[in-house]
Amino acid sequence: MKVLEVKNLSCAFGGLMAVSDLSFDLYKNEILGIIGPNGAGKTTVFNLITGFYLPLKGEIIFNGKNIVGLKPYQITRLGIARTFQNPRLFKKLSVIENVMIAMHKVYNAHLSDALFLNKRYYKEESLQREKAEEILDFFGLYRRKDDFAENLPYGEQRKLEIARALATNPSLLLLDEPAAGMNLNESLELVDLIATIRDKFGVTILLIEHHMEVVMNICKRIIVLDFGMKIAEGDPEKVRNDPRVIEAYLGKEVKGVIH
Amino acid sequence: MKRFVKILIIALVIFSLFVLPLQAAGTIKIGGIFPITGPVATFGISCANGAKMAVEEANAKGGVLGSKIELIIEDDQYKLEEAANAARKLIERDKVVAIVGGVTSSEALTIGPIAQSSKVVLVTGTATNPKVTQVGDFIFRVCFLDDFQGEVMANFAYKNLKAKTAAVLTAVTSDYSKGLADAFKKKFTAIGGKIVADESYSEGDTDFRAQLTKIKALKPDFVFVPGYYSDVAPILNQARELGITVPFGGGDGWDSPELLKQAAKAAEGCFYSNHFTPDAKDLLVQTFVKNYTKKYGMAPDALAALKYDAMKFLLEGIKKAGSADPVKIKEALASMKTFRGVTGSMTFDANRNPIKSAFILQIKDGKVVYYTTVKP
Amino acid sequence: MLSIRDLHVYYGGIKALQGIDIDVKEGEVVALIGANGAGKTTTLRSIFRLTPIVKGDIFFYEINLTKIPTHRIASLGIAHVPEGRRVFPDMTVKENLEMGAFLVKDKTTIKNNFDFVYSLFPRLKEREKQLAGTLSGGEQQMLAIGRALMSNARLLLLDEPSMGLAPLLVQEIFSVLRKINEEKRTLLLVEQNANMAFSIAHRVYVMETGRIVLSGTTQEVASNDAIKKAYLGG
Amino acid sequence: MLENILQQIINGISLGSIYALIALGYTMVYGILRLINFAHGDIYMLGAFIGFFALGSWDMPFAIGLIVAMLLTAIIGILVEKLAYKPLRNAPRISLLITAIGVSFLLENIMVLLVGATPRAFPQKIPTEVYLIGNIIVTNKQIIILSVSIFLMLFLQFVVNKTKIGRAMRAVSQDKEMAQMLGVNIDNVISFTFALGSALAAAGGVLVGMYFNKIEPYMGIMPGLKAFVAAVLGGIGIIPGAMLGGFIMGIAEVLVSAFISSTIRDAIAFIILIVILLVKPTGILGKYMREKV
Amino acid sequence: MRKNVFIIIVLILLLILAKFSQGLNPYFYQVLIFWGINSILAMSLNLINGFTGQFSIGHAGFMAAGGYLSAALTVYHGDKIIKLLSFMPESISKNIVFFIFLIIGGLFSALLGVIIGIPTLRLKGDYLAIATLGFGEIIRVIIYNMDVVGGARGFPGIPQLTNSVWVMFWAFICFITLYRIINSSHGRAIISIREDETASEAMGVNTTYYKVLAFSIGAFFAGIAGGLFGHYLMLLHPASFTFMRSVEVLLMIVLGGLGSLTGSIIGAFVLTVLPEALRGFSGLRLVIYSLTLIILMLIRPTGLMGNREISFGNIMSIVKKLNRRTGNIK
């Protein structure tokens, strides 16, 4: 079943075509990798899907509905969540508050409930807190739930970003370089985590990554962008041996690939 | 260090809250509330100077009723809540018997109800809004109301200057200016003149060329600028630069030696109405001008003179009451039918408003000279 | 050339460095590796006195860097390619490089440095007039390295130069680093990509939660089983 | 009628060049330090007063008096920065703004205390000359102010964009720490920025004093506010933007007074401002950087 | 529910306290009133600036709009409506009418908040500040040109209906409303906008809605404060609502601590009492005042309270600490 269909998507900044005429599909429970040189337009694709940028042309169909033109918060509410290339946590808020904010629309009492402290308010608060604790527990962040987000080490910040995205109850999760700044071992742990997330939360995942050990291990299918265009698509084996991909992206010696 | 500063500040606050006014025996306390800082500080300072001088003169002569007068001046920064606080403070903590002050009408209208309800006399020298004295019988003033000057100048322009058309340039943010302008416009049209331009500015503006260019194009015979000298000076300068040659006129707000300094040539041939005339042979005025100039290094403006009179008026009331009891002072003031001050001789109507003549002054050869007198 | 002695850095309650010692000799490439949050960045920033140093000394030859202001440290001949590149986004590529030569007075030296940097990164020459903020991640990384090279610095501190870069670029950058080292410059390199780091380093320090847990020549460290497992995928 | 319109436009340009003159210093300090230097208007006032004493009490020739005022004011600017702003360099931006407001109050109140609030006539070293072009009137002082503000804009553009210290200033504005690591002494750069900004303000103060022939301790408040608005309108931090913003404000105010109504001039001027901002949310010359996420 | 009963009891106790304050020296009493009104202004601006992170300096405009409307209603329609309510004692009907007019004034400000907020809240940082400042000035110019409310002559003759009980009541309502909003899911949404608007949107928060909500709630209470102000001074004047007034409120909230409601109350206290406390210094008064501002900011750059709140909990812990300390001294 197709979860997401991207059709002829283009986006330009000034004279620069950051994404041009890009099409791809995404199937339920799949993990699709996007790779490509720096500045190829990968993050821009994320920004287009999540409504942060408006495409020049093209369609983005999510569960049968064209979501082009919707505001980011509306898209999130439809069930697409994302992380950012540079972590954007609510730094001065506690870890659990970060997660609870993401649940804002999932469990929601009316403003008047909060003003008059109605039962519904208490129910909502405790429900949010419970669910948030559950998610934090899954990511092993429960013990740090009352710390400021900015005081977490970098790796845990990235985890918290993913946890926060999951808290919006998405069916599609977009991860932008989750392994950046991690060493080999940490990246491999992340691979496991992502696979578990897919199974436990039943989400479909779109993944941008430069760590080949992550991409090649977890994605059954990969698309390769260069200058905003798709230059290759297929399973890891095929992509890795594609001469255009090697020339533009991988280089001759591909290190650290583990099977 | 940080801690020390913190403690110092806290100590300062607490200390000054509880520092009680020193109670000198045998003094009569009078409060003064003026905007000594803030946007109308110039007015406030002149007023404070005038009031202070009156008190000093009285004390030099041995005080009133054998007691020295103590004048406690509070600054209200031209903020109404500060004016209210100042009034309360003077009444409750300093226990003044009367207040001189409220430079603008809005301040007077704020202080008025407080004075009235606390049964303390308020005398204002400059608040010209008719509503000021309507607040209650403890409130007095020694200046004409807005309407009067506007009408005087309208008559003067039409009759003496034979102006058939006039332009008005009002400070839209000043109640004084608006009051004069409205009265002028009404009267001037009523007696057959025509207002060809009705322009405005905000107090403190510095560039008036837009309005003046517009006025110039309409070729009025007379331009009425009921503002304060600090605005009038640049207006006159710029008007002359733009080639407007007709006479300008205004009210007592023009009266200041600074006007001549800042708009020397430009003011030539202009007229304004005032309470007194500097070359009046009146000895009272002569000594006032001389003493004031000696004391403060500049000649008095109308505001200083008015507040000087307000204070004199109050002191005379105290003398007449024979006691520093506010109710008695009020009665004494109310019973005073006439008063002669540096801003002229006045009688009072039932609403404690003065009736007095206006002088029309002309600026001629870099000097202000008497032109004519207008009786109410 | 550089020696760090018993350095302690605390961020409020967080003890980021708890007594580390590092030596760098002239002409060497020294790699510093460790897990996230181990304190690698903190170590490099401490050399420029940008962290709350609680205790310890850092000597550059005879000079104690913990006693002089940051801008003077630069003038001793140390340059930094910081975490996150930190190019000046609203300045052009050329101006960024000129900023790198801020302390160089001599016009011909500046010109030679320009030529050297442009020969290493021809891409920067092409983009001379572009605003740095609009460069792609890899180009910004080149610019950050180029900027550090403009000052004739004897010691170069590099903080994860491969972060977020495409594999091809990572290879390019490391070959440039090797070239730079051949030009008699000393490198202190922080890197997550241990394979790459080991390929050019003479010696390696391994950090864990604010302490040095292992050090030695590259061969020694690379043959340690724990290291192999954690960093080299072996 | 046409004549009238032309005259009004000249009026607008001359008013605008005054706003521009003050806005330049504002925008430069903002551009480098991201600080809304609320006290800029008061520094301008100080400059005018120093000029007043230099030209009046010490009877210097105009050019010398101007330079003396600029120098002394620059020193005051540096002092203000060292005492009041420097300790807050790593504090939230709003705390710095509040301190700047405090400094603004302080300067005003000290001056009220020292010289009183009564407006003073500024010594007229340059007599006004009126030129007639057809029926349109221009004065020599308008021309002086216009040319000085254009000159200063070009000068600032040059300093900031083409000189080494200018590059250092911009580097400091974009990343203080990085600039330090490259050997920039940021204290010196910031002091220089303040000195330059204050000297500009002083030049503005002296020229405006000469032009309107009146100075007083509160003279900085309104022009300071308007100049700030002008700087924002043009794109805050952008030097030609300050100039443009100043002219637009000046011309808009004059045209509104002339052809709509002087009573609602300020309201219309602000409506224009808001409309422009809604169309160009970062000011006229501001780059609209969609934040890259 | 239990909490609500508790809150109502607290409110009643506070109102009784306020009633007693009327026996105070009228000078202190008046300063208390201004403190209360300023607290309402500060807390409401803090919602916008401190919690939502939107840099607004147009608060004086909202204060003026609400204040003038409720004052005009009392002056022009108050008597009529009191006559309609003649079946009850005037002392009661007067206050009921006052209450209703205040709310109408507040709602009017809130409405303006929505109208202004929807387009301008797209602007960021200093650009938003200028737009809100411009809006405040526009309101003032309009009032200057409105003769029904006296224009430049001010609007006198407003009956004095504000007293300490009313001020306490509204300050309390303001505090509780804001406090409860902030400590709910809606509040977290609001705070997340301040922390990172982009991320907030990515988490599904309708940022425009919440910004406008915060803006209009802030405006509502500013309008109420304006009404209380006018009905206390018995006079409104456009000069009371210049941008300097907005700046003063800004000073209060930054001094007290952005993001702290109790801090706002403290900030309001400091800036209300300080000028009074300094009256003894006459000429030097404002010099000392501005120096104090600067020094306070230098020693506490994040305000007196930072973003912490005073609560029963931490008062108790301070008391305990003090006890321990004095215990040691003994």
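Per-chain numbering from 1; labels A, B, C, D and E assigned in written order.
Convention: a residue touches a chain if its C-beta (ideal position, glycine included) is under 8 Å from a C-beta of that chain, and two chains touch if they have at least 3 such contacts.
Source: prediction; values computed, not measured.
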Chains in simultaneous contact with chain B and chain C: D
Greatest separation from chain D - chain, by CA centre: A
Longest centre-to-centre distance from chain E, chain (CA-based): C
Cα-centroid distance, chain B relative to chain D, in whole angstrom: 34
Computed distance of Cα centres, chain B from chain A, in Å: 71
Computed distance of Cα centres, chain C from chain A, in Å: 31
Computed distance of Cα centres, chain E from chain C, in Å: 52
Chain E: positions in contact with at least two other chains: 144-145, 198, 286
Chain A: positions in contact with at least two other chains: 52, 84-85, 88
Two or more partner chains touched - positions in chain D: 109, 112, 263, 266, 293
Residues of chain E that touch chain A when the two form their complex: 1, 3-4, 177, 180-181, 183-189, 191-192, 195-196, 198-207, 213
Residues of chain C that touch chain A when the two form their complex: 14, 33, 35-37, 135-139, 160, 163-172, 192-196, 229-233
Chain D-facing residues of chain C, complex: 48, 50, 69-71, 73-75, 79-80, 82, 86, 88-91, 95, 98-100, 102-103, 147, 151
Interfacial residue positions of chain E with respect to chain B in the complex: 25-27, 30-31, 34, 144-145, 151-154, 156-157, 160, 229, 233-235, 237-240, 273-282, 285-286, 292, 295-296, 299
Partner chain E, residues of chain A touching it in the complex: 50, 52, 71-73, 76-77, 81-82, 84, 88-93, 97, 100-105, 107-109, 111, 113-117, 119, 121, 124-125, 128, 164-165, 167-168
